[in-house]
Amino acid sequence: MPLRDADSCRFDVVSLGEVMLRLDPGEGRVRTTRTFRVSEGGGEYNVARALSRVFGLRAGVVTALVDNEVGRLVEDCMLTGGVDTSLVRWAPFDGIGRSARNGLNFTERGYGVRRALGVSDRGHSAASQMSPADVDWDHLFGVLGVRWFHTGGIFASLSPSAGACVLAAVSSARRHGTIVSYDVNYRPSLDNGLIDEVLPFVDVLIGVRDVGKFPDMPVVATTSRRVVSASRNDFGAVAWSPETGVVRATERPGLDVLDRVGSGDSFASGLIYGLMSGCPLATAVEYGAAHGALAMTTPGDTSMATAAEVIALAAGAGSAIVR
Amino acid sequence: MPLRDADSCRFDVVSLGEVMLRLDPGEGRVRTTRTFRVSEGGGEYNVARALSRVFGLRAGVVTALVDNEVGRLVEDCMLTGGVDTSLVRWAPFDGIGRSARNGLNFTERGYGVRRALGVSDRGHSAASQMSPADVDWDHLFGVLGVRWFHTGGIFASLSPSAGACVLAAVSSARRHGTIVSYDVNYRPSLDNGLIDEVLPFVDVLIGVRDVGKFPDMPVVATTSRRVVSASRNDFGAVAWSPETGVVRATERPGLDVLDRVGSGDSFASGLIYGLMSGCPLATAVEYGAAHGALAMTTPGDTSMATAAEVIALAAGAGSAIVR
Amino acid sequence: MPLRDADSCRFDVVSLGEVMLRLDPGEGRVRTTRTFRVSEGGGEYNVARALSRVFGLRAGVVTALVDNEVGRLVEDCMLTGGVDTSLVRWAPFDGIGRSARNGLNFTERGYGVRRALGVSDRGHSAASQMSPADVDWDHLFGVLGVRWFHTGGIFASLSPSAGACVLAAVSSARRHGTIVSYDVNYRPSLDNGLIDEVLPFVDVLIGVRDVGKFPDMPVVATTSRRVVSASRNDFGAVAWSPETGVVRATERPGLDVLDRVGSGDSFASGLIYGLMSGCPLATAVEYGAAHGALAMTTPGDTSMATAAEVIALAAGAGSAIVR
Amino acid sequence: MPLRDADSCRFDVVSLGEVMLRLDPGEGRVRTTRTFRVSEGGGEYNVARALSRVFGLRAGVVTALVDNEVGRLVEDCMLTGGVDTSLVRWAPFDGIGRSARNGLNFTERGYGVRRALGVSDRGHSAASQMSPADVDWDHLFGVLGVRWFHTGGIFASLSPSAGACVLAAVSSARRHGTIVSYDVNYRPSLDNGLIDEVLPFVDVLIGVRDVGKFPDMPVVATTSRRVVSASRNDFGAVAWSPETGVVRATERPGLDVLDRVGSGDSFASGLIYGLMSGCPLATAVEYGAAHGALAMTTPGDTSMATAAEVIALAAGAGSAIVR
Amino acid sequence: MPLRDADSCRFDVVSLGEVMLRLDPGEGRVRTTRTFRVSEGGGEYNVARALSRVFGLRAGVVTALVDNEVGRLVEDCMLTGGVDTSLVRWAPFDGIGRSARNGLNFTERGYGVRRALGVSDRGHSAASQMSPADVDWDHLFGVLGVRWFHTGGIFASLSPSAGACVLAAVSSARRHGTIVSYDVNYRPSLDNGLIDEVLPFVDVLIGVRDVGKFPDMPVVATTSRRVVSASRNDFGAVAWSPETGVVRATERPGLDVLDRVGSGDSFASGLIYGLMSGCPLATAVEYGAAHGALAMTTPGDTSMATAAEVIALAAGAGSAIVR
Amino acid sequence: MPLRDADSCRFDVVSLGEVMLRLDPGEGRVRTTRTFRVSEGGGEYNVARALSRVFGLRAGVVTALVDNEVGRLVEDCMLTGGVDTSLVRWAPFDGIGRSARNGLNFTERGYGVRRALGVSDRGHSAASQMSPADVDWDHLFGVLGVRWFHTGGIFASLSPSAGACVLAAVSSARRHGTIVSYDVNYRPSLDNGLIDEVLPFVDVLIGVRDVGKFPDMPVVATTSRRVVSASRNDFGAVAWSPETGVVRATERPGLDVLDRVGSGDSFASGLIYGLMSGCPLATAVEYGAAHGALAMTTPGDTSMATAAEVIALAAGAGSAIVR
């Protein structure tokens, strides 16, 4: 990966996407709980957060929030995530959430035969109303400087203007020599029509069904998962590049899962960290798979792992107690 | 109050309004919490809930919710409130909350010089999209039968169609001999233009600035409050009728306040209970003031008091332990 | 099953049994905890609760509670359960719990080699003191109308008068064409001598050791369970009818168990729902087994599943995340 | 007070009474909570607990518990209280709580105009079934040795056999030179007929209405309380002896109250500590009043204060932070 | 205040001090709790945190932490506080906390007559072992650029090397035109001998007994507090400058206090914000007093207020609910 | 085992070691939590605690704590553990934790591929500063009387003076006929050089790599563990004596683990209980293995099992629910 020089860039990584407040009922269910634990999350953001908090890079996020107590709570969580918040657009609050809102998602983690379950409440969000003119992309990529840019299909499909935002961002990134990763991240409730326009600007494509189908792409990677139960997954990952062909990470059959949400994003951040560190693709995909596995052992969308733990697990460390 | 006969009515009271999920950070603040306690609330609904759970009447609510996990959580809370949910309209969920949402409010209670603070996230809610044709009012009031109908200015000002809904409801109620109460419930973030059209159909008007300004109204009532601090209020109430003129409830100076949200609604339900029980207006306004005072001693928008406690406090009971 | 017409019945289902307050120490143990989470439960009641909250039927429960704060807390929980509480007898409180009490049970869920453990504190409960004259059964079954009646061996063995109550109820139900189900629900701490007198009035017999031993019974059904550990059970179910002979539900080996209490009751409610919906016995037993399995994935005696989840799992749905 | 020598006594203080599990809904109410915090309490026991945990004496309690998980939880709490549990009688558990139970009380603390509220569930408790023959009092007082014995009217009125137990205990204590204190502790739900038979054996009489009415008693003492609201009490204490006549402790008007339950017992233990330490009655009643005041600042029936804090407050210490 | 130009400085404010993990038992006490809520705090740090999170300035902290899970938890909290952590020195962990530790403090908030109580466990902390050579002060002040530097007597008295660190810092700050504030912050458990050497480099002196005793100081300021009870304080503030003489902030008698810890630091940050904004001293001291008052209404050492709330309260806003 | 007579000994068992406060983030991680649950623990102490609370023996602990709120919280927990605290040395508090501290450990339990993780903060602890002269061992063993003494390698390696303390204790124990057990308890962060001097005084040696290597030792025993994942361990135990040779406990493959910390200590206490009860070594090692397995099913270092549960599991009991 021909990365821009770190000294000439204010950010190692910037992602573009929505950041939502997650409301989690713990071991209970959304529909009957009386208490929620909150944290922040969002597919594209989670990658930047982990690259900062887990892997120590300088990360920022381009997003929009409404300037009320809830938006400020999301900011409070993002600060905990070590993500620079100076690129956040603060939309005014209309007192009721009619014109613009902060995205919410109510997500329970599932257990055994009871599957994990998420309810999005992200319509009319400030992020979904972002449009290309909201951000001076050439200033961000050309003046401030960014080494890696990450975005994906969740944000791109929020609205036509969000999709246009993605296109404006990736084309500007390409113009300024910033590497671009894109996580397709297909899910039924979101429509992904934009991808054909975006692909020409992408260097690392993540989350597709078949890694071998994109011969012009420098790197393609994805996780593989067989859901034995909500508490137990067979989990692996695979990547492809023209130089290496298909490379596979260690398979982890029967992995114990506490909360699977965000594991794909943790895979992406582990992979990107490996690639940015100059590791071979086989190592990078191991980092991604190990980080995805670790992220499933803690509550919340985002990872609580450390880089050292990721590297140790990727290298085959066991689960004995450390003290 | 010339109430319809109980045996000919399925409901003693029905209210029309939005029911929201309240997210409460306890002794902390919305903008920095990591845990929320949830309960349901809504100005008009709270009155029906208390008339059922506190005062033992048969209550229902006309509202609309989106059929997802969050809407079902609100229903779970409403069931706890003893309110009949068969009149709830369930709007389909679009998977993201774009077309219709469930109303949320994030509310902290304040403490001393730190004031209570609420953030509405109720734009695009299913309730705000209700329109007159959604409900067969003549069936409700004429066939099922309702003795008392309550609605108010919060719901009426959510949208023009919600306002039209209020008008259709109160005029149908009047046609079928149902008593109508209306809580103006003015607050800055909501606009109340509809009131002149509604007033001719109202029998009990609540929450106005000056109870003596409505000479054609059978009953007018309101609370009075001086906010010494968020933890201490001087609290009283006043009512007026052509027969009695102005009557005042016991003043409670320096009342200890845990959570003031919903105390006005508790005043309304205490007053209505008194009037439905055939009490003199002076007694009814005491019930209202006592219930409002008790509701401020527990968390959440809704009251945890009992009718016996309300009546005892209205009659001057002290605060010694009961065991 | 020749069910009575729904329009002529106020209730789809009524159960007779004790409703207790469950005190649950979460992941800890009763004997060392300092906090309890509370919910309501009772073998016969759980069936009515699930038929209402999970499967959408109109359910009521005949029981007795003492009219104090604890009894009212149980009522608060029952309201959440969507169960009509108008058939509850409220016994007066003597100030100390000497003459009549509300039943309590302290139950921990177990983990791995540590088995689940329940401590009943239900002696002298108001429910155990119910006698046949307390309820006008012919009014309930003949005037109000009930399509399905459920009771069982836990309640029947609480006291001779409770047993007499069961006999009075099932014989009245038979007279008025109400289908009767009875869950033997044998457990060592309760004595079940009444069963021979009850059986002639039963249409659906549940919870016996050998489903083939009751040739005159229209339907016999039971779960099968092998306890690998408190956290993992092999779980299945079997039913028999003269028409079908023995039919077996999908076996679920190595099922992940969070809290097994109430899974037998969830089996019963799933089975009854299937039978009331006119499903073949093979489908009904699948519904029962799936509901029992889902109920073990959440805390508490009662189910937090939805009908759609039960039907999907019965049809072989996987455990992938839904969002 | 002519106290027995410490070296010849295994116990400085022993109390006789019931120990119950208190279930506390925190800032909410019993009738709507979903979580209880638990602790142990009982009027007579609380005195022994504080004399051990707060004042450092060797304390034991004579009581009876049922040998099940709940009884063992009470024991777990008593161990935390530093009270010797070797004098506890363990009654067998019948599997259901019919023959003998552990006493429970559900108590909420009140707030402002909402009064504190307790619900006893102590009927049929093992403690209430204690009878004189259950304990070898002459062994306890004569062989093991006890310097101070405390019991009172709550336990004495639980049942005739409990009352007989009290009589047997105080007469044996008198025979062996043990000082006896007795807290009348009158409350409406308990009947106190036994007191005339007990008084001749009592050295320190507590909790009576008028301290001057017992001219033959060495010491009489009681608290005085005016309940401004559940959160604010005017609190004082008064004592009398033939030598001193009436002595009054510092009045504390407008005392902030978090949980008033157990403050009378904390008064008693502070007073007894003062008397056992050889302080003048005026000092002892100050200790009692200060300890009672401190006990109202923490949740639960029992005190979390330290002897140093009691002595400092009694001496007029302010409320500035200590660090 | 002749502040350096913002564009030439990376930081608006930097503070030097220890950051500790606070363990808080909520409404209970340290000595009997079983749960702690954690947050970070430290006298000097709290000022930088509030200038960032509350007032929006770019803040950093010079401190040292041990690189283990606890140190990283403090960092996690500091990130939430919006404070730049690039100036933190990470000391290696020896596996046991013998050579260097992270400072802890266990602090309970008090209630009424029970005073707030803090227990420091900060001996051998990495921060207390800092020495002048650990930081290149001229690089910080001269190359990176800092507009305002804050430190104080808590850190200065931790050890001789910490004191030397303070001297090195303030003299370098003076050399590079950075304004210096110093909070004497006297408390009995810490010894403050260094102050005479530090004073010549100080521009704003805080926390002294008598503001009029430092005629050469540009600004002197302090809070005044009368502790009515742990829950109620009379709270004010006073400042002095050669130009204005003594100016007093609004007195707040009977202020409701939830947790007083950190209110002095909040006073300091409000004052500094006013001075940095170019407000007159009378306004700045009002900001300080209002911020100190608000900080006492939330748990934890650090403020959860917003600049808008501080300014509104300083301007005399009431405590009515905002919604 | 030639045990001293129970009647001539005040203690059945005394252990010597450090008791720390454990801070546990529950299902989260130390580095990101905001709440800790606390309990007490320490390798040597855990054995005494279980012999008291689980197995009913009279146990005490020789340790040192600092006399501040944290030390008193540890005492509060030890009282809950049923351990006599009269042998605790209370070191004075210097106000900051510089001269002596209470040992802390922050420990998370791990999950699946995420390993359990402990961070010691026990440097400079009062326990580590104990020296031989602090305790009058001959008074303890000779006058008070102790049947069994337990200590081990964790405490012995805290400091040279702690090691000397161990030597003084075991030699005195031997002089007075007290059986001595010693758990080597090797872990990387602690250095164990003392063992050769201690071994001659040891009767039961625990926690070594190879039980057959100590031909002069009366009993040698250890657990065996294969860590499949943090949530699943293969767990067994083995013992050796000259009479029996090697005996093995039941292997438990795939044991479900909630919190593995302290399982080795639970093995030791189960083994010692068996030996003290006069069981054959094969039975004692089964008790140890069963107790170790049960201790891993509950949170915290210490066991919440009962003797009856241990004996039942050792005898092959299943995991079916008990009620």
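Points to keep in mind about this one:
Just so it is clear, A, B, C, D, E and F label the chains in written order, and each chain counts residues from 1 on its own.
Everything below uses one rule, namely that contacts are C-beta pairs under 8 Å (C-beta built on N, C-alpha and C of every residue); 3 or more make two chains touch, one makes a residue touch a chain.
Note that this is a predicted model, so its numbers are computed, not measured.
Chains that touch both chain B and chain D: C, E. Comparing the centres of all chains, each the average of its CA atoms, the largest separation from chain C belongs to E.
The chain pair from B-D, B-E or B-C that repeats the A-E interface, sharing more than half of its contact pairs by residue number, is B-C. Looking at A-B alongside D-F, one finds more C-beta pairs in contact between the chains of A-B.
With each centre defined as the average position of its C-alpha atoms, the distance from chain E to chain F rounds to 43 Å. For this pair, chain C with chain E, the centres built from the Cα atoms lie 59 Å apart.
Residue positions of chain F touching 2 or more other chains, listed in rising order: 29, 31-32, 34, 76, 80, 117, 119-120, 189.
In terms of which chains touch, the assembly is arranged in some other way, matching none of the line, ring, star or all-to-all patterns. Contact between chains, per the stated criterion, is found for A-B, A-C, A-E, A-F, B-C, B-D, B-E, C-D, C-F, D-E, D-F, E-F.
Interface of chain A with chain F (complex): residues 80, 252, 255-258, 293-294, 296-299, 304-306, 309, 313, 317-323.
Within the complex, the chain B residues that touch chain E are 27-29, 31-32, 105, 107, 110-120, 187, 189, 227-232, 260-261. Across the complex, chain E is touched by residues 76, 79-82 of chain A. By the touch rule above, chain F contacts chain E in their complex via residues 23, 29-39, 68-70, 72-73, 76, 93-99, 101-102, 104, 106, 108, 117, 119-124, 188-190.
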